[in-house]
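Order of writing sets the chain letters: A, B and C. Residues in each chain are counted from 1.
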Amino acid sequence: MKRTRILPAGAAVVAASLLLSGCGGTGADTASDTLNIATMTVPSSLDPVDATGSALPYFQAVYDTLIKRAPDGSYEPMLATEWSYNDDRTVLSLTLRDDVAFADGTALDADAVTANLLRFRDGGGTDSANLAGVTDVTAVDATHVDIVMDAPNPGLEFYLSDSAGLMANPAGFEDEDALKTTPDGTGPYRLDADGTVIGTKWVFDKNDEYWDSELPFDTVTISAFDNENAIVNGLKTGQIDTALLQSVDQQIAAEADTALTSTPTSFDFQGLFLFDRDGAVTPELGDVRVRQAINYALDRQTMLDQIMQGRGAVTSQVFGVNAPGYEESLDEAYPHDPAKAKELLAEAGYADGISLTLPRMAAIVSDPLASAIQTSLAEAGIELTWEDLDQATALQRIFSDREFSGTVLNIGQSSNDWIVIQSLILPGTFNMFGSTDPEVQSLVESIRSASADDAVTDVRALNEHIVEEAWFAPFYRVEHQLVTDAGVTAEPQSGLAVPSIYNYAPAK
Amino acid sequence: MLTFIARRIIAGVFLLFVISALSYVLLSLPGADVGRSLLGQSASAEAVAAKNQQLGLDRPVIVQYGDWLLHALRGDFGSSWFTSENVLTSISNRLPVTISVMAGVTIVTAVLSFLLGIWAAVRGGWIDRAVQIVSVVGYALPGFLITLILVIVFAVQLRWFPAIGYIDASVSLSGWLSTITLPIIALSIPAIAGVVQQVRGSVKDVLNRDYVRTLRARGLGPNRILFRHVMRNASAPALTVLGMQFVGLLGGAVIVEQIFGLPGIGSMTVSYTTRGDIPIIMGLIMFTVVGVILINLLIDVVIGWLNPKARIAS
Amino acid sequence: MFSRLLYGAQNTLGGAVIALAVALVIGIPTGLLAGYYGSWFDSVSSWVVNLVMALPAMVVLLASRAILGNTVWVLMIVMGVLVAPSFFRLVRGIVVTVRNELYVDAARVSGLRDWRIIGRHILIVVRGPIIVQISLVAGVAIGLQAGLEFLGIGSGSTPTWGAALNEAFQNIQRAPVLMVWPGVALGVTSAALVLFGSSVRDILEEGAGEPPRAVALPAEAPRDADSAPRGTLLSVRDLAVAYARDGGGEKEVVHGVSLDIDTGRILGLVGESGSGKSQTAFSVLGILPQGGRVSRGSITVGGTEIVGLPEKRHRGLRGRTIAYIPQEPMSNLDPSFTIGSQLVEPMRVTLGLGAAEARTKAIELLRMVEIADPERTFRSYPHQISGGMAQRVLIAGAMSCDPELVIADEPTTALDVTVQAEVLNLLRRLQSERGMGVLLVTHNLGVVADICDTVAVMEHGRIVETGTVAQVLTAPSHPYTQRLLASVLDESDVRPPWRDPSTEVTPA
């Protein structure tokens, strides 16, 4: 640690400089050579196998992905210059750049890519599930890699442009913990270990040997906060350049400051996931009419108005507006109709109503939301009891122990149809009881083996079918605000809640 | 005196041991599936089991604790389950933040509450009442409300101080001062409010003592009596309260650090405890307990020095 | 809003009451026992208390919340356990200091059972601080709830003021007014608690509360002209002492006292407790308690008028010209300083002696008052010496600056009978060696007969009889003097009951 010489300054001088530094903080910190990003997401490590969702920018700073995903969702070359499928779409052939190396000189070649991909598949993280169908990865020659799958996976390109595309130096694979705190990639920045306080602030300095054109900032810092109030205060005082705000009130607070620019983005939707479509935990839910009744009972517009200040859009489908499978008319598939809900319950044989217990994670279901859902359902004769869960055991009780028949979640809406299908409709985490039916099966099979463009009709049919079967009771798509100060511009990123690290630029 | 300190330190070590065992068991009781929380909802059951095995969580709690203890005795507190950071490194990274703020609060509180308390006790009348009312108001306002008001007024509106963040004194002394000033004020207000009452009470009590009258009769001036005799006798109970305040500050630090986005021990405590990150929490507990033991020891030594009678009693 | 506030009050205050009850039930009895009996119980309980106090409260609260459930009640019970040590320490601390006080000792000697001593003598001493502590802890409990809510780890779905405040905080941009009411409710409640606590304490501890300040008026001139010749050393004429009353106005407690002492003579001022003897003595010294003042009359010492003398000049007389020997030896020595430093300090201040010189003189003085090992006594603290020795030290202190007039306020009353005689002999010897005048305040006519030249008898703030010792004791003219005399012959002198100096309103 560097020692600072303390000048024999009197208290008055110290006080004066203190005031000055307070005032001057605004100018100094927003200089265009440093980009200060604030976030509430903390990565569990900087090893790519631990990369997930909104933590991606931390990794993008240090690692490059095989395929780059442009802000609009289209795929562009990055470490891979070309890629193509074989005829039955079970082999993806990648052509790699031949001029990229890690800091220690190790070349980013076909062997390195193979090692990384296999590590993802076998590493136990989120990408293990995504790459589960990969049977083999073979290095054809130094710059060509084939990814072989047991069945077509239309999500593969997306994965390679996301966390599963992050390429780390295989030299670090020996030691299980090495990459966690000392990331080693070919990316535009390198972690400044001295300036970084893990858990609080990560400092990335420009990689002078970067193979591609440099990014516009010399230094990028990502600071993690526990609450958005601190973030907004930092934005207002110029200590933070940009952040994504989720809470409506903090969005309003930021909008009140004319020096800040807010860009609405939409990624998450919030809704009640009715996992128990076969009635294993709550037998009543095995009847489609009961699930439909829940959908009719929800007063989505009022909930949106009261809880989200009308920010966002009500919906009854799980596909987002950026996904080709999205069908606008399905947003209104279940208008608020308590009478109809009662009728459906009566038809299903529950004229006296049913009772339902759902888990509640305070971070997701706020007090007003909890009581709004309770009130809505009560009107239709569904008695809802919330069981408070704490953060440490919630995932386990809901997803491992499968104690509940459903839960309220916020989930990002991928722009890739297949990823929506795979994560929400196929058996898996969010279809934990493995619900399916012949129509789902046949639609999924045809979607899987077609190219994305050819599959659209089937995806929409599947979407409609799922809405009709009321597998979910979505509430609304949530609107977030991407806030930047006067010195920075940022572009929202398709398929990600926050912008990619490449999407920031100094304001002109 | 030395045997007293030695005895206290031995007791402290034993205390550390008991607390560590108690905490470890307590923290393991909820039976959270750490592997599941770490890998997320979409990881397979096998992956979760493998992760738990990797962390050693498949073993009985008592074995886990023994393992932790053996490593801790060698100074190895392990790494966070959730952010992979080394426990000692991450705590020592955050310690300066919390220590800066707490030391500042303790100094400000000690000085101001003694001055105000003595002033109120000696002058009585409306000054006494004013000090009492101000201290009651300061005490009654919820701490985070004070903090929020300070941020909005002095950081966001007036821009006198930064709203968030911490700058280490080794980087910039003025930056350091500017980042800790508002947190110190925020925490000092309720602390002063509490201690000033105690100082006022003890000073009033001592002023009524016979020996104060006798000292006056010997021709000593009021200031000499006040600052030499009254203050020394009134300090012991006030210091006890100050010590308790210091321990209580750890709680207050949590809220203040969150609002100011300070990377300190307080904000760390909440986020890691809610996640159930046992290595970090154990490290935090050990640090706080050592801190509290030292503070209590220090206060007892000072009180013993101030009050020879208590020296004998302890 | 209002109804929510009321409903919240129930939970908020109820929670605080639970926390308090738990803390009191655990803290006070253990504190009393540990402080009173000491030994192993003290060691064990102090150790446990250190354990609890060393635990980081936040972690305990969070952990217990995960284990025991997420309700405001659980939090408050845990909170009660966590704050119980503060009561324990408070009570134990006070009990340890009073355990060895004379009155407790006396109660023990007189055969009272321990639990009665604890109940009657000790509980009374600790109740004031406990009441203050209760109000503080209640405030903390209420504030803590709010803080926990703010962190989002509060009461689950139980409505409390903290929850309301937190919700309002989330909406601070939209409706800042919402924050006012729960904030005010919290603030007012805690403030009321603290004020209530300190006023109850004041009532218990100080009777009618704080004594009002003395009326700032110059003393009236003595009413009777100088009829008799004035004493050469001390002359008091028509002295009236008045105390300010609570509701304004004054109450006169000494009504026109006149007395004279010639150089080198001893005047006995005799009367029962409350007759105004001490008030007269304090008037001469200029150390009347707060609220009291000389309202009329004249006091000359060696010809200097001291009524209306500026405090600074009066202080110059104290110690050097007029010295004071108090009644209760132990309570008149500062427990925090050694005997030596208490002797040295006034000599250095009033006589301007150097440290070494003052030390030599202090040891000389200790030898002069017949203390066997002056060096050792010099180094001792007051609690290490006996009452008789302490009185010798106080006499030495009074002699230290060679006064002309000594005011001895019942100098032997608190001492054992055998020691009384020794101290009296010492006084007489010093008086004759140094030719000092002495105003001896006493209720003991035996003492008067022993050493006084003249005697003045006081009753109800008036001198009822003066004369030489021979005159007054052999031929008392006033019925009160006759009664006093008769009572001396009837009963032996017993030590009066000890009075707690802190509960004393106005000294007798």
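As a convention for this text, a residue touches a chain if its C-beta (ideal position, glycine included) is under 8 Å from a C-beta of that chain, and two chains touch if they have at least 3 such contacts.
Everything numeric here is computed off the predicted structure, so don't read it as measured data.
J.: Taking each chain's centre as the mean of its CA atoms, which one is farthest from the centre of chain B?
T.: It is A.
J.: Looking at A-B and B-C, which pair shares more C-beta contacts?
T.: Most contacts of the two pairs: B-C.
J.: Where the centres are mean C-alpha positions, what is the separation of chain A from chain C, in Å?
T.: Taking the average C-alpha coordinate of chain A and of chain C, the gap between them is 69 Å.
J.: How big is the gap, in whole Å, between where the Cα atoms of chain A centre and where those of chain B centre?
T.: Roughly 38 Å separates the two chain centres.
J.: Once you find the CA centre of chain B and the CA centre of chain C, what distance in Å lies between them?
T.: Whole-Å distance between the two chain centres: 33.
J.: Mind pulling the residue numbers of chain B that touch at least two other chains?
T.: Only 30, 32, 148, 258, 270, 274, 276 qualify.
J.: Out of chain A, which residues touch more than one other chain, so two or more?
T.: If we look for residues of chain A contacting two or more partner chains, we find 390, 392-393.
J.: Residues of chain C that touch two or more other chains: which are they?
T.: 66, 172
J.: Can you list the chain B residues touching chain A in their complex?
T.: My answer: residues 30-33, 36-45, 47-48, 50-51, 79-80, 82-86, 89-90, 93-94, 148, 151, 155-156, 159-165, 168-175, 177-178, 181, 258-261, 263, 267-268, 270-271, 274-276.
J.: Which residues of chain A touch chain B once you look at their complex with the stated criterion?
T.: 1-4, 6, 14, 17-23, 25-26, 42-47, 50, 52, 124-126, 128-129, 177, 180-181, 197-201, 223, 225-227, 229-231, 233-234, 236-237, 239-240, 390-393, 395-396, 398-400, 423, 428-430
J.: Under the touch definition given earlier, write down the residues of chain C that touch chain B in their complex.
T.: Residue list for chain C touching chain B: 47, 50-51, 53-60, 62-64, 66-67, 86, 89-90, 93, 96-97, 129, 132, 136, 139-140, 143-144, 146-147, 150-151, 153, 162, 165, 169, 172, 179, 183, 186-191, 194-195, 198, 201, 210, 213, 285, 287, 289-290, 315-320, 322-324, 326, 328, 331-337, 345-346, 349-350, 381, 383, 394, 397-398, 400-401, 407, 501-502, 504.
J.: Looking at the complex, which residues from chain B come into contact with chain C?
T.: The touching residues are 11-12, 15, 18-19, 23, 26-27, 29-30, 32, 124-125, 128, 132, 136-137, 139-145, 148, 190, 194, 197, 201, 205, 208-211, 213-221, 224, 228-229, 232-233, 237, 240, 244, 247-248, 250-252, 254-255, 258, 266, 269-270, 273-274, 276, 281, 284-285, 288-289, 292-293, 296, 306-310, 312-313.
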